[in-house]
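Next up is a structure, given as structure tokens.
In order of appearance the chains are A, B, C and D, and numbering begins at 1 in each one.
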Amino acid sequence: MATTATPPAPKAPKTNRLGLQILEYRGGKTNLCAGCGHNSISERIIDAFYEMGVQPERVMKLSGIGCSSKSPAFFMSRSHGFNSVHGRMPAVATGALLGNHTMKAIGVSGDGDTVSIGMGQFTHLLRRNLPMIYIIENNGVYGLTKGQFSATADIGSTLKTGVINDLPPIDVCTLAIELGATFIGRSFSGDKKQLLAMIKAAIAHKGTVLLDVISPCVTFNDHEGSTKSYKYMQEHEEAISEVGFVPHFEDIAVEYDAGSTYDVTMHDGSHLRLRKLHDDYNPTDRIHAVSALMEAQQRGEVLTGIFYVDTRKPSFIDLLNLVDEPLGTLPESRVRPPQSVLEDIMKRMR
Amino acid sequence: MATTATPPAPKAPKTNRLGLQILEYRGGKTNLCAGCGHNSISERIIDAFYEMGVQPERVMKLSGIGCSSKSPAFFMSRSHGFNSVHGRMPAVATGALLGNHTMKAIGVSGDGDTVSIGMGQFTHLLRRNLPMIYIIENNGVYGLTKGQFSATADIGSTLKTGVINDLPPIDVCTLAIELGATFIGRSFSGDKKQLLAMIKAAIAHKGTVLLDVISPCVTFNDHEGSTKSYKYMQEHEEAISEVGFVPHFEDIAVEYDAGSTYDVTMHDGSHLRLRKLHDDYNPTDRIHAVSALMEAQQRGEVLTGIFYVDTRKPSFIDLLNLVDEPLGTLPESRVRPPQSVLEDIMKRMR
Amino acid sequence: MATGDVALNTEQPQAAAAGPTGEIVNDFSIQVATVNGSGSQSANSVLLKSLFAMGIPVSGKNLFPSNIAGLPTWYTIRASKHGYVARKKEIDIVVAMNAETAKDDVLSLPAGGVAIHEESANLQQHRDDVVFYPVPFDKITAAVCSEAKLRKLVKNMVYVGVVAQLLEMDLATVEAAVRRQFAKKQKAADLNWSAVQAGYDYAKVSLTKQDPFRVERMHATDDKIIIEGNAAAALGCMFAGVTVVTWYPITPSSSVVESLIDLLKKYRVEPDGKATFAVVQAEDELAAVGMVLGAAWTGARSMTATSGPGISLMSEFAGLGYFAEIPAVIFDIQRVGPSTGMPTRTAQGDILTVAHLSHGDTRHVMLLPGSVKECFELSIEAFDLSEQLQTPVFVMSDLDLGMNNWMTEPFQYPEKPMRRGKVLSADDLQRLDGFARYQDVDGDGIGYRTLPGTEHPKAAFFTRGSGHNERALYTERPDEYQQQMERLTRKYETARSMMPAPVLIADGTSKVGLIAYGTTDFAVVESRVQMQTEYQFETDYMRLRAYPFTREVHDFVAAHDRIYVIEQNRDAQMLSLLKLDLPAEDAVKLRSVRHFNGLPIDARSVTDELVMQEGI
Amino acid sequence: MATGDVALNTEQPQAAAAGPTGEIVNDFSIQVATVNGSGSQSANSVLLKSLFAMGIPVSGKNLFPSNIAGLPTWYTIRASKHGYVARKKEIDIVVAMNAETAKDDVLSLPAGGVAIHEESANLQQHRDDVVFYPVPFDKITAAVCSEAKLRKLVKNMVYVGVVAQLLEMDLATVEAAVRRQFAKKQKAADLNWSAVQAGYDYAKVSLTKQDPFRVERMHATDDKIIIEGNAAAALGCMFAGVTVVTWYPITPSSSVVESLIDLLKKYRVEPDGKATFAVVQAEDELAAVGMVLGAAWTGARSMTATSGPGISLMSEFAGLGYFAEIPAVIFDIQRVGPSTGMPTRTAQGDILTVAHLSHGDTRHVMLLPGSVKECFELSIEAFDLSEQLQTPVFVMSDLDLGMNNWMTEPFQYPEKPMRRGKVLSADDLQRLDGFARYQDVDGDGIGYRTLPGTEHPKAAFFTRGSGHNERALYTERPDEYQQQMERLTRKYETARSMMPAPVLIADGTSKVGLIAYGTTDFAVVESRVQMQTEYQFETDYMRLRAYPFTREVHDFVAAHDRIYVIEQNRDAQMLSLLKLDLPAEDAVKLRSVRHFNGLPIDARSVTDELVMQEGI
């Protein structure tokens, strides 16, 4: 993929704060279905990293297996990518960050990849608050294997074949809040503005960012009776907050009403501005956030927005207290103790 | 194990409603450490099945791997037992119940077996509301491998070696309520009365019963600094409700105050009587139950009691609408369609 | 997607069976190149079924990408009056409907080949030694189909018409095939039929036949049916009396369970609406196989179907099944590995891994279906063997067999009743006054088991994957452990004696013997004739159907000087198992013919390799 | 627990090395039978270290149950002036501290054996051909230890005293060992030492020496150390410069990581308190190995340690590592399978599974440490090879080597610097103007990789387990896939040429060659002498150190008429790999000697088997 992106160069090339054009953030040509929600998400990821001015070489892309998991090949070809095995991206991402904790990591997975086969590793990643952006491209089905229900499918949702799902959906946001992730939100592939703001904020966060993005599968789950279709989302999306983001390198003197808006200062000095749309909204209270999500589900709403943010909790990397440089490339002098150490140890074993 | 239980027969043999003595419910001699919480739990299981008058041959015992998972060998030798592989008991139990849904299934697992390696299968078992009793003998460590922390260890809890746990514990009760189990409670191996009542009620329930039983590991996690020690539990256990149980075959005319007590009628006609000890207690409201648990955790309390009961939700077996007899032993006449069917199919393929 | 990965047939074009002069009747292959998701399946199926209905032996192969829409796809139809059904290396007629691959498709033709293509794309520039039939597909389609969004689909039927006319197919037969394809949808049937006619008429009027290929009615398929291997396996499972089915979707195994679900819903629901089966879509393969073992432990005939990655995930449980001695039927519809590999390409690459799946001294039983008929028969056999041997049985099919259409004579209803193995009832226990689960009472290494729920105080035993003695009690005693392990070896020898015998296709006087299994058979059958006719070289041939190998296999090898083991993997995996099993003096004779590029093996590749190694 | 599983030595008692008449100096084995959790480790360690300090070659084996407390445990100490360290089949002296097994322990003694036991238990009834030394352990203990709850522990030191006196050990040396054992706890040291003295005095006063066994100072251990294999491996990993360590606890591998953690905390934390390493206790083995691959992908030297069940769970990722070509070091400290098997017993049973771990055509590299020294050296080698070959490397140790104490000369500091393999820097990329990840530039099958974070616009490539071409682009092209698979075979041949050579212990003129590996070596070394001295039968011997096999292995087999492959598993697993690798005419020569009851293999078993098969 790395070398095949060749979109026409614009006349007066617009560039970001690094002087890079957006095409430097593009990926290989997608081979997902036309109209697949996953493609829109890839677009937003490209926009977000471009607008935040992140050096592509400083980013690692990770995924499991599925249509969604293929998408890292379709954005940011200048970033190293790792399309691993089904459901096991969390482990690979954890290892990659241990090997090089100085990089930004973004993982893209699917509802099957994460919530079916991947549930075990996913829950432990959340618990560790591993510093990465974890996006679930959630379409309620296994797209790549032709549309069977996944564990996020809603009760009563139907397949084209008429089969009806009778098991309750697993809400990854509630789960993430409870298990220890520190930046949790839900969006919709069709909601450009909200999704872009959320990903930009995610880039500024240090800790596990879990974004559950409803991303319709136009081929297998976009029909009447599906609860993950474009139509259903247009009818049932309910934003709990309006997400505004002011990057640290921009003038943050933007007006906002402290009464109705939470202003969260991110690690890099950027500001996340969350304007209440529900009075029972409080993104700093875990218990509150969980109740809000569970109630919305009972009401049959698909709540979107950022549900919970905690910028103080140490990440897994913080807990390990590692040297500043990437472990993977430390010189021999720093990882192989001198001969004297071995001799000393041997002596004490006599 | 099946044939080694030979305790002395009492003088005037007491028997249950089936005319069986309690020794018919005993198992092989335990080889767990003296004082291990798991042994007390085995005792309560024996008492409960004896007092409920369940035919031992009608019970299946399942487990994974661990000290806790060994315990099915130490109770009810007259029941078939399956000590499977580490963390995978849920799958084996699911299959066993599909093969014979007419039996009672009790699974015994550990915090490592369920919450570390077993998390994936565990969450999906809960989601399916598989009709079985699932007991987690929770000691916060891997006993059998000499006491490493498991994923239920509390932040700040220390090992004898001085190592301090810095990752948040996973609360299996909150998880179980959210994911779809229908009978969720927590107890303590040292609390005979409460635990016995809970297991008896569990036997009467149809659906997933998740009992998180704090069960101290006297060898590796019962010291100062441990949050799963006998001492710690005595100091921090906080019962949210008093659990009373009146089996269907006993006179239920027992008095109770409807204002302060929830009376739940179980599938078999038994009655579960839950007396409020916290005013914010409501075992019929999921959202409420989850908040109560999260708040107690914030207060540093170990909440015990039955947190949530739902007797109406169909179990996984109900959803499958199986014939009444066990699938595993259906006669050939009912599982191999007649020749005419094959010929018919072949014809339509011409 | 890089253009790097779109051309399919990258092998050297070779001369067609006959030169461009003189007719070639009922002996050619057509390759339709389209875009995945363009809905060409029905059109191709109509072509295939029409030829079949004309009594001509046919086989169809769908070569599709591992994505849902947009990538190139090829469908190959082979007509062979000789009845050959293997992939034909040479493509005689290309229907180039995919602009992206059109050039490569045309280049892949042998001299004298035929290219049917969209008029506008001028492919003539690339070859001067093939026959071109330009067709204005879009124009024709637009004319017959007013609804724009349907045109993409209908367009495919136009090439059906063109091909039908050029090959002189019987139009009535084609119409019947179309109407059958859209049986329940009258309107669709009419629309598609008109598209076929339009294509037919255009060809009749505007194209002048310049190629030698045509068809003639035969009667070689009269009482045959067409079915996919996975559908056949599903039928087998239903008639085997399966009761618990678990799965986690994975290409190319999904259709085993999907077909089975349809069958069970139709034929295994009782008058009161209740099911005599349970199907569970598990959360992953570890869970799927764990459920199978749990169900089998209670006596249920249970199964799962998967492919390579799933097999790897089942390793730990496979060892439990072997050591705790629990039945299980596991279908491995093999695809190209290692790792994710090429999920929509075929291979026989899991043989060695499955034979020893799991750590420790673990050994498994494998069945090797070599036709759709055997997908049906060996599925039934698998359940009987698994319960009789009290061990997991793996049915090793592959994508080529499982997901493609094959001709076959209709399947026979099982004569034998279900063989459930050694299970003790409450009465037995009363009579015997108890039992020892792992005692070798009969000397065949197979103990007696009881099922949970057996109403007898001595029925229960404790099942575990840890060390156990005859009485199923936990043990760490060296002697007890070793005794059990030796019994398991004995049991494995019993399995050997119960395995379905190999098929001795030819045992003449030749010093050279061929050994193959599964889908490799189709190519070998044809290659042997090529060896005869082109090189006057006689070969004997045995097709394996199971592992461990039966005595017949040893005898066959013993009876020849040189044995070629032909298979579809890189590491000569079945040859390896033979090498381990045969007496050394026979192992010396083994030679390897391997094909491992993801395409089904073809006769020519086998022949060329044999000729090379034999130095003919 | 049934009494069925308590006796350990269930083999036929055999006559001791010498009859009861005449002294036997520095050549005997002591077996201490206790109850798990009774804290006898320190006592046994004191005995072992004392003999060692007296310059006598010793080895100690802990045979413990798979539970934490209550089940029988045996600790065997062998003193051998000849320096033999294998398990000795015959036990000469039993210290029967476990009432439950006392009878069986005594019965397992050969005629002329010695039994030291609790006075009250009258074991004399069971044998009249062994020497009994009854000791009132409880009385003696009570006398020296006022604190009741400490007595269980202290009691063990009493038998140390008794044994020391009976064997005429140097008391000062014993005291030094005791004080060293309790170095940081003065009070404990004094208490335990007084217990030793009490036992010693009792024996001196009340027991009359009737057996031939005693010790004499030697100097065979002068500059040696004692260490467990897992601790040695941990040392190797630290000096290999490991930076990322992941694990999921499992016996007998846990102590590799536990020792490593101690080392890293001590030697790999920089002045500012920051760590140059990360250790993660993963949620399971799938995660552990996944983390290792992720870390190695970024250039980290990463590893995990596990045993059989964990190996099975790592299957899928192992295939990814092979096909995507990512380094990884995986320790398999083997235990008895199949399935959970006997977790605290030793075996070499994962060889065949690991060699082909994962589905599809997957092949792995294995290193086979045959001593604690090699646990150290080959651990370092493993990281170098894994990064140079860009593939997972498995270090195949076992419980016997990993968890027991072994004498060894001190370890040497690695002379060679770390060999990190083919990694391109930003400068390289500038110079080359890009690269193709999977191109075989050097003809050795190994491509060049870049690490994430390399600051160059052409540094990035896409890593995947699905079909890919030279440029790491996704492909389903038959030719590109086959090309990559053939390159991987080429790489495997390169690996063969880089593997540590086997050790040719003896290559005389004998027609019979022995091949062994790992802990089997200790028994073979001793057996060869038994063959010489008892049967005047000469054998040549080669010890394997790696798979794939190097040329030397082929040469050794070629140079002999008969080759006995001696190993600790049921299915002759290494022999199988040899059979697959050797030219057929050499494969014919292979014969098998197997030992698989969970106890470490002993020389006598090997000798008996050789004698039988050679028909001597």
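The criterion applied here is as follows: a residue touches a chain if its C-beta (ideal position, glycine included) is under 8 Å from a C-beta of that chain, and two chains touch if they have at least 3 such contacts.
Nothing here was measured: the structure is a model prediction, and the numbers come from that model.
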{"item": "Of all other chains, the one whose Cα centre sits farthest from subunit B", "value": "C"}
{"item": "Chain pair, A-D or B-D, that carries the greater number of C-beta contacts", "value": "A-D"}
{"item": "Gap in Å, rounded to a whole number, between the CA centres of subunit C and subunit B", "value": "44"}
{"item": "Rounded Å distance, subunit B centre to subunit D centre (Cα mean)", "value": "40"}
{"item": "Set of subunit C residues in contact with two or more other chains", "value": "1-2, 66, 283-284, 309, 316, 320, 339-340, 464-466, 471, 473-474"}
{"item": "Shared interface positions of subunit A, touching two or more other chains", "value": "1, 4, 85, 116-117, 119-121, 124, 151"}
{"item": "Residues of subunit A touching subunit C in the complex", "value": "1, 4, 28-29, 31-34, 65, 67, 70, 85-87, 116-117, 119, 142-146, 148-149, 151, 219"}
{"item": "Subunit B partner contacts - residues on subunit C that touch it in the complex", "value": "223, 225-227, 235, 238-244, 246, 267-268, 270, 273-278, 280, 282-284, 286-302, 316-317, 320, 410-411, 413-414, 417-418, 434, 450-466, 471-474"}
{"item": "Residues of subunit B defined as touching subunit C within the complex", "value": "1-4, 24, 55-58, 60, 62, 72-73, 77-85, 88, 90-100, 102-103, 120-121, 124, 320-324, 326-330, 332, 334-337, 339, 341-343, 345-346, 349-350"}
{"item": "Residues of subunit D that touch subunit B when the two form their complex", "value": "1-2, 37, 66-71, 248-251, 254, 281, 283-285, 309, 339-340"}
{"item": "Residues of subunit C defined as touching subunit D within the complex", "value": "1-2, 4-5, 7-8, 10-11, 65-66, 308-309, 311-313, 315-316, 318-320, 322-324, 336-345, 347, 349-350, 352-354, 356-363, 464-467, 469, 471, 473-482, 485-486, 489, 569-571, 573, 576, 579-580, 584-585, 587-590, 596-599"}
